[in-house]
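Order of writing sets the chain letters: A, B and C. Residues in each chain are counted from 1.
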């Protein structure tokens, strides 16, 4: 029954080794999904707009006239070198798209997560502690209703209330056009760039633009977290070690905070990894609603233009992110819970 | 206060708790005493209320329980003190050792943290070094080396975890220790170790120990006195050797006969099953299963009697004769108890 | 066999009747809300004042564009001159049709796969788990968008395309839950006992494993349906769902209404949005309530308060 704890390093190496099969499967799926559509991406995007010779040249340049298996190997090789291709419709390296628009999404999702964690975990802990009380029921209802609201509805309401009627908060874009024009983008994370730039008005403008989208997305995730945390708290409070701690005369407050809450949050960390998938899905909607020029927004645009190469590149990037996040979460989980390390 | 005043004096304690089907009379009028340095074994079948008794003394009862009577710990009635006072007494004055060691330690906390939390909860002014010294001392007494002080619970075996639990219970030197089936979940060899540790307690620190178990062998080996519990009441109580050699209550007698040893040639059992605590039998609770039941046993609750050998017993077989009505001594006609009859 | 299942279902509802306080309230609220929309969907042809794509009245007079709520149009009209209320009512039909289809398909594929994979284990199981886990971790909306997009290229967009896209996204979920449940059941003593007695896999799966797994399906399916509606609305919002001429869809209406908000026109976006929120809330309450009630960990039985009766008069010790 007794076993020594594996060091964190061994765990990390083992975990990374498991990543490769999953990554390979995802990439293969992406590759084949993008080739389900008949014809080739070049024709799909630009057919009818360019002479046939031109199309053929482009097809050759993009490698679409090679046999499928060669394309597959090329694709894998490209991904390994972090080359995500070049878009057909506006001839932009997908890597650029990822950096510029990706950081917009990163900023949005980061702050959304901050909102989600503080609201979700905080309220979830309270609800679990005060089980079946009025507070518990209202918190649960809040969580359920907020999750049931699509991002675009929350956005719609926000625009009605804040944009039109009261005019407190901007409802479109990352910053006002003037600010956007003037702000030098070192990191593409406007908040940080604004701090570097040092101008208070610019900083305020960026923050204001961030509030509505981040809160919208954050609240939706918070809805899920509330339920999760609450259930975990309920289950943890039944634990034998809780009773044992009380029997040693530990005061209730310490029992609740140090034993129950901490232990309840551990399974939540695991699930946080899955929330990232939810977060990214929600980001696509939120970006479209608030005209936030993130990567989800671009994906939709490229899809509408049938720019399959861009789509493939972006989706591949997402696949990598997913894998990365799941490994990270596993790592954090192992760090927190010593039982998990194999 | 005389030198032989009991550490724990339970007087007519009742603990009933709520369930979907009605009130469960887990402890229905129990009185007992334990003196310093004395080990009292509390025996009974599963579901007779002995665990509830242990928890009731500590005040660790579930919501919806009702309690009355008196639980005097060195002159303080534990049932009347505030929650805060009671909490302060848990650890330094009274400690509880649980049955399943596997789940009683917080898996995310090191052993070191368990100890520092417990000690500083009651003595916040102690220096870190002192806390550490006391913890290691307690662990050392249980045979756990200091090198393992920073390990996590899952790195220990069941027996070791139980020893850690005992160390945790003892680190504040309580006057009374309640051990609720401490060895039931452990194998025989480990059981022997734990019992010898508990025996040391009495020798070295004069601790009073309430040892709750369903294992008569443990009682015989480790206890000074024994109380036999049935359906929420004490059937018989007295010096361990006396009770075992001259059991006064039919239940005790039957229990002893059911014990299996190398001399056993045929299995002996008490027909029927332990009674429901929600709807217990009238009068003497053992009468439906008692081979010596008399008519009066089904009519009137037996009165506690003190025997010449020093035991207390609740059984009409021992009188008082003047309370038994006319014809009460006639044997009771028992209904045939179906083998599968469940409480 | 059918009567056995019905009897079993009846027994499963014992806990619903026994539960007290909050959980029961939640289940009923969920049932009422959900039924409201189910009824709306079923009776749409009769209760809807206009057709979902109708932009003129019987006499050929075109409806006023973006008219505020009035007696003729209780919820007003939208930018395409169609009646908002009718589109909400007909939308209920669309949502439920698609979601029902999607849940059934996901179940039909995910449940057996999970059962077999979990029970038999081996390399097939491991591969399937890897694939399903990979899909599961991927942002579901992106997956749905891509699949819907690709399918619509081949089959045109419509109810079927949207439904297939959504089912594909949820299959990994069913697979995972069922498989994990089966794997834990496999170790249960009664399953082991059955196998030790020589029961064939078919019997073991059919009698022990399946019945057990099926119990958790209603909760998952209900919560899944709630999610599916959100996904469908999202697809509609982004333009990959159902065309407005095919059927009314709340998400699509919401996308058109977004620009209205700037002009202060609230009715075009509020009503479809509220419909989504109410239906999803109803389904979630139903699912959560069921979970609260059926899950033994969370269940709380009603307890009678305990009062100790006065003691029997003490007889003096002889």
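Here, contacts are C-beta pairs under 8 Å (C-beta built on N, C-alpha and C of every residue); 3 or more make two chains touch, one makes a residue touch a chain.
Model, not experiment: these values are computed from the prediction.
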Most heavily contacting chain pair (counted by C-beta pairs in contact): A-C
Closest chain to the centre of mass proxy, which here is the mean CA position: C
Centroid distance [mean C-alpha coordinates] between chain B and chain A, Å: 56
Distance from the mean Cα position of chain C to that of chain A, given in whole angstrom: 24
Separation of chain B from chain C, taking each centre as the mean of its C-alpha atoms, in whole Å: 52
Multi-partner residues of chain C (each touching 2 or more other chains): none
Sites on chain B touched by chain A in the complex: 58, 60, 87-92, 95-96, 98, 100, 103-108, 117-118, 121-122, 152, 154-158, 160, 165, 168-169
For the chain A and chain C complex, residues of the former touching the latter: 21-22, 25-26, 29, 33, 36-38, 132, 136-137, 140, 144-145, 147-150, 152-153, 155-157, 159-160, 163-165, 227, 231, 234-235, 238, 273-274, 277-282, 284-285, 288-289, 296, 299-300, 303-304, 311, 315, 318-319, 322-323, 326
Contacting residues of chain C [partner chain B, same complex]: 18, 301-308, 311-312, 315, 317-318
Complex interface listing, chain A residues touching chain B: 1-5, 239-241, 243-251, 254, 258-259, 262-263, 266, 336-339
Residue numbers on chain B that touch chain C, as the complex places them: 12, 14, 16-20, 22-23, 29, 64-68, 301, 303-306, 319-320, 322-323
